[in-house]
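We just call them A, B, C and D in the order they show up, numbering each chain from 1.
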């Protein structure tokens, strides 16, 4: 029997295109304070800390150096993961189950607005010998994948555009969203191509923000004020990262991660899940990820489901009620934490205008963007898992 | 822990970072007699992306580490990463979520031009420090001065560390800078940043090292000589390093006690048979021995002079040859120390084998802006 | 940064990561590029247990981590797996002419190769599944780089065109 | 043994002979960091020729570089306080190489300088000049030498260097 683990506190700020008033440290400090208050704990009670960050997203090498002070973890166990925030949640879960810690804090933030050359960063992530010498905008990799995806599945480019319409519309009811907009399919379809068949409007725009999540063991979770939101399963996985041999068209990393998370949660059917927050860095990715999570018997149904409104807030399977990255903005490593934040708010019944009537079990899924094949899946629920 | 392997440490390798990682992973798998398909998860430890020259290099390295189609994480605490990676893998397995983990640490520093040291400029605060054009030597020299000044330590006492470790490395087939030197040789080498001489500094290196760890039932099934992870500890101090007294590494002490408590070690000086502290610079070994509670504050140089830390001494220190002798491909160097604990406690260290069948060792790494202590205690006895 | 008089102006600080990276091609890369440069050949390596042929040649199999020693020469013809017409450069500025990129699975390899698609500027000209050939630069211009390959060029394939009419996607 | 320790070391000669394929790339990694309130004010005051710190009422420490939160008490700091441009050397080095490892004839003298008016042990990183390298000592009193006001730009380099405080005023 595994130890039961819950999310007992959340802290966050709205996503914004830029946050010029504060340094990243000041932003994280403010959010961490809120999270600890939400959990009803003092910083001294926390056993271990995890920050998810990449050096070049921060513009500082060995970014780990700059993580402790603003979280209150001076001279305490603290480490970084160069992965998405959801990997951090999985890490916290494992630390607690291993008996290394009772309370773990996971932090991720974005100061994407401080990066002047974001596409050049992605370029620097390409294989230096075989791919980078070609000299192309790395978003073209997403376009290559999208083209393969729609060719293989029969999903149409317009159905991909529907994802943009839905998510930006959803974002209008989310005060944390930076890019809410009432738009329509033809606006998306007529926006210029970044790289055919991928339109400019189908790319999530970067945003600044921060989320801090407090994760705790059962004994602690039962003492806190707020309703604990239980972690039912957490999976993470990579496909081959190599352009030449990775899977094109399907999101294998998400499939592996989902399988592992569903197994842990003891969930046999996706019908048991009330809502989803999945990666939509590019519009087609939402569909590809839903397929990888096992929502549809045939991939083509993913496109139809979106077109028919099944994944809208009032649909059978709400997806990205928060607005996703397309509507809220893309906050680098904090992306996954904004996804799980929405799950916690919904499960707690704190989602305001966008509150779902049924939100007992939710799934968050993340992807690390081009050129990676790396992602994580976390399932949370209002009821503690059976032992 | 059931397997260990590493590459040679080299000034500049032909191998790509992926190929280096693969060599180490492959050697560790062979040592554990497991196949990749029996590995449940993969942990990568590697230091700044600026060295290998790839943004998000964890993703780039994933296939070389055996991470394709597997749960894969990269943990990162600067120079402390190599030892910390064991802690990461430990709780992945101890959580019950995975039965086996392959842990790979890799660094290819030679990719970075004009000199690998240039990457270190970008570890400083970009606003309040980088405009002064600092280099990595500064912080070591500043710390060493403070250490010497506080405890009245001489430069000769510190030079002995380089002599000992480079000599120990003569018996390490993977070593990059093994040598038989005298204290005079070390002090005769040019001053890089007073009080640091060239021969007191570890080289920049390319290399990789890897281990395999397994849950108890798997370990007992596949290995007749598993080495047990008895304690893990890690601690990170404030980033405001100019506001801290650098004479003593409190964060190493915190990490050490976390690991010792877990291992049931109450008197480290008696219960630890040998140590592999982090020695990127000569004085650091002494500094860290004090943080590890293996020498009283300011007393490590005296114990070294008395021969306590020699191979045949009371507490052999850095029998591998360390970063000063074997080389310093950052994260891989920390992992090399873990490999040394494995080989020494199994009695498989070849010419380096310590006398008296050591049963328990401690490895430690350090990193960031003089901030991180990571500690692992391993031994032949399963912890309670 | 320009000097300024007010405290409020000192709200951002500019900087960069001032490094250059020099990459070796690696053990397997040496084999691949040497053959490409010297004789214009494409060398792959095979993993028999995993039934994979990796192009460009690799030192190890990513599926089982075994060392790969068996070299295979791959013919310079293959099939289009995907393509894109990129409209922007890495500063996100519009390109004067779109940059066509393709993923191509060469006959006999299990992997794809990413390279330029030559003489294509509009999606109507191509479709996934089309036959292509590798165009290699003349020997005197080859330096042992992936750019020794010029790109892929469509080849006329009556069988393919009759099987499937190119689809237009999007607009 | 060779199998156990794989790896192919390259020397300069092999590299230069052209048999080894290498390619070089200079990344374009540019940033514009938000300094935030604490460091923004610090830089602004440097431009005016003053050093400023923050006080934390929790631990009563006066912190420099200034920050809007206290890392020990984990609470917001409380007040801005000007501190002096004099101090004491906590530690130093004589460095004979630049950041990209070019050899220097005359050493740079980086030091951590404890600032007068801030709490004990509160130092900042800077450079010493106008002192013979052999004369530098831990505990030595120093003072800041500022750039002329018109040349200051709100940077840590608005202080050109620190020099011994005991020598005659310029």
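In this section, a residue touches a chain if its C-beta (ideal position, glycine included) is under 8 Å from a C-beta of that chain, and two chains touch if they have at least 3 such contacts.
In this text the structure is predicted, and so the values were computed from the model without any measurement.
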>> Among the chains here, which has the CA centroid at the largest distance from chain B's centroid?
In response: C
> More contacting C-beta pairs: A-C or B-C?
Replying inline: A-C
> If you average the CA atoms of chain B and of chain C, how many Å lie between those two points?
Replying inline: 38
>> Centroid from C-alpha atoms only, then distance chain A to chain C, rounded to Å. What do you get?
In response: 29
> Between chain C and chain D, what is the separation of their C-alpha centroids in Å?
Replying inline: 44
> Quick one: chain A and chain B, Cα centre-to-centre, how many Å?
Replying inline: 33
> Which chain A residues touch at least two other chains?
Replying inline: 20-21, 56, 59, 61, 68-69, 74, 114, 117, 120-121, 123-124, 128-129, 133, 240, 242, 245
>> Going by the contact rule already set, what residues in chain D reach two or more other chains?
In response: 8, 10, 20, 23-25, 27-35, 39, 43, 67, 71
>> Could you pull out the residues of chain B that touch at least 2 other chains?
In response: 13-16, 50, 53-55, 63, 68, 113-114, 118-122, 126-127, 238, 240
> Mind pulling up the chain C residues that touch chain D in the complex?
Replying inline: 1, 3-4, 6-17, 19-25, 27, 29-30, 33-34, 90, 144-145
> Taking the complex as given, what residues does chain A use to touch chain B?
Replying inline: 2, 54-56, 59-62, 64-69, 73-83, 87, 91, 93-100, 121-122, 124-125, 127-129, 235-242, 245, 252, 256-257, 260, 264, 368, 371-374
> Taking the complex as given, what residues does chain B use to touch chain A?
Replying inline: 16, 47-50, 53-56, 58-63, 67-78, 84, 87-88, 90-97, 119-120, 122-123, 125-126, 232-240, 250-251, 254-255, 258, 367-369, 371-372
> Given the complex with chain A, which residues does chain C contribute to the contact?
Replying inline: 11-12, 15, 17, 21, 23, 25-26, 29, 52, 54-56, 62, 81-92, 94, 98-99, 101-103, 110-116, 123, 128, 145-147, 169-171
>> Touching residues of chain A toward chain D in the complex: what are they?
In response: 19-26, 29, 33, 43, 56, 59, 68-70, 72, 74, 111, 113-117, 120-121, 123-124, 128-129, 132-133
